[in-house]
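Next come two complexes built around subunit A: one with subunit B, the other with subunit C.
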Partner chain A sequence: MFELLGIPPQALFGQLLLGLINGSFYALLSLGLAVIFGLLNIINFTHGAQYMMGAFVAWMLLDYLGIGYWWALVLVPVIVGLTGIVLERLMISRLYHLDHLYGLLLTFGLALIIQGLFRNQYGISGEAYSIPSQLVGVQNLGFMFLPNYRLWVIVASVVVCLGTWFVIEKTRLGAYLRAATENPTLVGAFGINVPRLVTLTYGFGVGLAALAGVLAAPIYSVNPNMGADLIIVVFAVVVIGGMGSILGAVLTGFGLGLIEGLTKVFYPEGSAVVIFVIMAIVLLVKPAGLFGRTA
Partner chain B sequence: MAAEVEPLERQVAATAGAGGMPRHHQLIFAGLLAFALVAPFVLYPVFVMKVLCFVLFACAFNLLLGFGGLLSFGHAAYFGSASYVAAHAAKVWGLTPELAILCGTATAAGLGFVFGGLAIRRAGIYFAMVTLAFAQMVYFFSLQAPFTGGEDGIQSVPRGALLGLFSLESDRTLYFFVLAIVFGGLLLIYRIIHSPFGQVMKAIRDNEPRAVSLGYRVQRYKLAVFVLSATLAGLAGSTKALVFQLASLTDVHWSMSGEVVLMTLLGGMGTVFGPIVGAATIVTMQNYLAGFGAWVTVTQGVIFVVGVLLFREGIVGVLSRWLKKPL
Partner chain C sequence: MLISAFNQTNLALRAAQGRKQKMQKGKLLLVSIAAMLVATPAFAQTSVKIGVLNDRSGTYSDLAGEGSVVAARMAVEDFKAAEKGIDVTIVSADHQNKPDVASNLARQWYDAEGVDVIADVPTSSTALAVNDITREKNKIFLVSGAAASDLTGKACSPNTVHWTYDTWALAHGTGQAMVETGGDSWFFLTADYAFGHALERDTSEVVEASGGKVLGAVRHPFPGQDFSSFLLQAQASGAKVIGLANAGADTTNAIKQASEFGITQGGQSLAGLLIFLTDVHALGLQTAQGLVLTEAFYWDLNDETRAWSKRFAEAHNGNMPTMVQAGVYSSVLHYLKAVEAAGSKDSAAVMAKMKEMPSEDALFGQGQVRQDGRHVHDMYLFQVKSPDESKGAWDYYKVVATIPAERAFRPLDQGGCPLVK
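Moving on, here comes the complex of A and B:
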């Protein structure tokens, strides 16, 4: 077998794969944040909690009702998205006329409540969610083994990201959305119900987080804190990419996942902080972010 | 956020400009000091010292948020790193408490300079996310670095003897040392807010483009107030390490950053005395709810939500409106 810089290829490709998996989640979550930020102008701190809710609702559907993975993929984003819509109508919508920072504080408070409630109910040890039978097994690629489920996660994430990009950039609904981002008053004057558009957008962003949660459930243990630390890394991803462009958010997510994976191979101690270091460099060189427009 | 506190601030400026501290502020400071002098004989001293440390932490944070208009979501980084360094200095290097606290505070100042310098390149929501991300970096560093003791933290830190002469082992003696530090810190913050520097700071908060057009180097002011806030947060953190004889991951965790935001929001951001009330309330609440596990988190979340939706002025903000006096 050949070796790269003294690293056995199995370890290298294994970590790259893990990086790509992490990147899939970074991409899905930062995409949701970007979509919500585009229209609502708030940073959804609850995003991590909603990702956790996605994983938990999938587990509950299976455990209490016997509804399996494939139905969960469809049902969970809808259920969690609906809770998001309720939150937006009852609370978040009251803050649009205020400084955006209040939105951050409100959603932070909501995240604390949701995480605290789940911790009270389920403890912190976590619940196991098994891989659906169709995706058990591995592919032998010759130089490494690729678990089917992980391949599925990457494919699903890419498809969902591209689908979202297509809807926002290429369809009529997306055109309304982008127009409302630029000038909500004018779009309202054309007879489009902007508040409803805002509510549905929030629900959609939350649904994306929940979908990421379902995809994550079989890989990571389903526990109340699974979103809390992840969301901070996703914030750094968002700062690096800038929230101006959908594809930018997706590319940054996958790219940083890969870089993190590479760091695990060559300098394991630095893997937890590498994304933050990159963020510092980007702030020095291009403060608006790689794909960002100046605020 | 600025628009709501603006009228009060104008009054503060007017009265303070007329000649030193306004009379009712003098009375409040005197009342607080009198209360703090009696407190250790009535209440458990370690508890009151905890309140004092968080009072200083919240006031330092409020200097940045309430008067500088900058929401840092990562102040635990300065509080916690100072706590670690002070604990390490006292335990491993065997420094006297005042030198250990100085080491911790200097660390926080240095970190504040580096992170603040980077974070002020973005504004608003991005600023909050950048500070949070840097704080998380400090957290991961503290988790892995050899001298922090990982999950255990640095335990049984010696309180030592002040200047090598006066032993601080007894809670009562330490109490007055802590009180002196915290009260000194509060007066310093008060002075900063009402100095010409503080007036420029508030001008930048209220209308940045106008401050730029008047020729102020806005970025330098922002960095200065960030470093001041981080330094004072570090002073609070170092002192806390001596009080509890412990520095741990709790001090650098993002939930600590959230707590200090909550204290300031509850008490009233942009008020002088709000964070004092907020910190005392939250620490007392944690004390009573300590046995209920995650319900503390839920309660804090509820206070956040209610505070943001209905109660944005905070306790002291509302009092101040009723009394028609800036507090």
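Moving on, here comes the complex of A and C:
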């Protein structure tokens, strides 16, 4: 069979599949960010810390209460989403009338505080969280061995992303939300409780981040810094996809995961940088992002 | 009228001047009496400032971090500095594993804050930067955390002591052991910075010298999170041993993900070339069991190490010490003894004493600082216990072999250090 730049095609397919898996984390996280920014105009820098909280709460549920992975998938987004709602009610909602940057500064500060608190309590080396027994093992795909758990991650994130897109674009609730961002006064005049809608949406976005955290807990080290490294990449994904576009965020997440996967094969040293190079190019050529709409 | 007014002012001024002079003479007398009263005994009061510089918030913060500061304080206490007329202050800072941050901190400490010696500094790239600055400012650098063997090789300095371990010792400990048990083809997963490159280079030499082959290497960004792609490449290479030339969270993540991809089940072994006690603690014995590693210190080696480690744990949240933290204690203790012996804190004099006097403490036993700055002591080959073999928290290692000091470190003439004639 032919070889592409010295890499046999089987190895390449394997790497592409792994890239897709990474991309599903990017997609899930950037979905949450895009929902929060696109609909609420808040630049939520706490997203990485909330992803980390999701993983930690899943670990805490297992370690302190004996509650396993499958229940955690449902409970953790709700718990962390509630903390997000508290944050939003107490602090973030006071900044809506101000410039974006204040929200950015506040959420960035919150992220540092949350990370610092967890680091103080748990140290940096991380906690052990094992893959649930139903998902242990590998599938022999011929060109690679794919762990069952990673397959589950792709499936789960595609389902959640499509579900969220459907709710926002095709249902009445989503219509209210989209209308409320365009013209909150008018929507309020129709009797819809706009502040509550906004709060619940923020909580939902945070819940998405926490869900990504639970999905990540068995395969990545559950440590306080896990969100910090990821969030910068996710912001780049959202910027490339277009800050207001939800479908854009999801597609870009998967796409960039693939590109990163390819870079890891051909030039691994550059794999941490390639997404930012692409972001720089996209911003030069199409500042609103690939799927973004200029206001 | 004017003249008399002028005269009066003049007289007044002269009188004031006279009073002022009398006051000044009085003050002078008072100060000299005070100085005589405060005059110290024959050994003039030396004050020494030690800066513990390491990663306090990132990948390497558990294996060094605050624990190193605790260890330094214990060294000052055990040395009984106060009774010997040496006043010791300890300061600490976070270099965030970045050479530029470390350089700025080192310069500020040496220039503006009167720090005499910097200790610890994990992350080889930062250590190499601080090494240069210490030589430039003629201070002293006691390396415990960093690994690159270049610190006593081509980057060696008359102001630096490399205390605890280095990439050569790790390569010849773990690398040699793996090759001898049949691992004759290797693939490296390397952290893409100074330390990873040094470890990969030193281990490749060992493998090739023992008749093995290096099939390839992949360099991952430091720090990394997802190693699945690189592990897949390692799996595809078919090498018998996958050498992890990285440390801290990178190593633990790679090991976790390797077990997920069934790498060890497929017949390949993982060689963790640099593993710390805190990594095994984070991985858990279920995942880490069977790993072979080389370290310079373990809390459970003998009664003396156990006693010291118990004191350390009480001051550090119940966590047992890693070899890096033990090395900070040992090197600071030896430094203070050298200051006492030299009678001053002049860098050249103290360094000469440190190399002249053999070192002796509860943690490393007997050791010696060589011409190139390398501290030689016994190293140990450990294997991680299985969950059944362990009797409790932190009971993780069993000793496989002791590598005596003469064989543990690179021979003096092979490093390319300009100080060695």
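List of remarks:
Throughout what follows, the second predicted complex is superposed on the first by the 285 of 295 C-alpha atoms of A that agree within 3 Å, B and C clash if a C-alpha of one lies under 4 Å from a C-alpha of the other, contacts with A are read in each partner's own complex, and residues count from 1 in each chain.
One rule holds in what follows: a contact is a pair of C-beta atoms (placed from the backbone, for glycine too) under 8 Å apart; a residue touches a chain by one contact, two chains touch by 3 or more.
Keep in mind it's a predicted model, so treat the numbers as computed, not measured.
With both complexes brought onto subunit A, simultaneous placement of subunit B and subunit C is prevented by a clash. When both complexes are overlaid on chain A, the residue A:Leu28 reaches neither subunit B nor subunit C.
Judged by the touch definition given at the top, the superposed model places A:Phe108 against subunit B, while subunit C stays out of reach. With both structures placed on the common chain, the touch criterion links A:Ala209 to neither subunit B nor subunit C. Of the two partner chains, neither subunit B nor subunit C is touched by A:Val187. Contact with subunit B, but none with subunit C, is seen for A:Pro287 once the two complexes are overlaid on the shared chain. Of the two partner chains, subunit B is the only one that A:Ile43 touches; subunit C does not reach it. By the touch criterion defined above, A:Ala72 lies against neither subunit B nor subunit C after alignment on the C-alpha atoms of chain A. Contacts of A:Val238 after superposition: subunit B is touched, whereas subunit C is not reached. Legend: residue contacts after superposition of the two complexes on their common chain; A:Phe145 is shown touching subunit C, with no touch to subunit B. Superposed model on chain A: among 145-153, 217-225, 289-297 or 307-315, the stretch of subunit B in collision with subunit C is 145-153, the rest showing no clash. Counting contacts by the rule stated earlier, residues 119, 229, 269, 272-273 of subunit A appear in both its interface with subunit B and its interface with subunit C. On the subunit A side of its complex with subunit B, the touching residues are 37, 42-43, 91, 94-95, 98-102, 104-106, 108-117, 119-120, 228-229, 232-233, 235-236, 238-239, 269, 272-273, 276-277, 279-280, 283-284, 287, 295.
Against subunit C, in their complex, subunit A makes its touches with residues 11, 14-15, 18-19, 21-22, 119, 123-128, 130-131, 138, 144-145, 147, 149-150, 219-221, 223, 225-226, 229-230, 261, 264-265, 268-269, 271-273. Of all residues in subunit B, only 1-2, 71, 73, 118-119, 121-126, 128-130, 132-134, 136-137, 140-141, 143-144, 254, 258, 261, 265, 293-298, 300-305, 307-309, 312 touch subunit A in the complex they form.
Partner subunit A is touched in their complex by these residues of subunit C: 57-59, 61-62, 65, 192, 218-221, 223-226, 228-230, 232-233, 235-236, 248-249, 252-253, 256-257, 260-262, 266, 278-279, 281-284, 286-287, 319.
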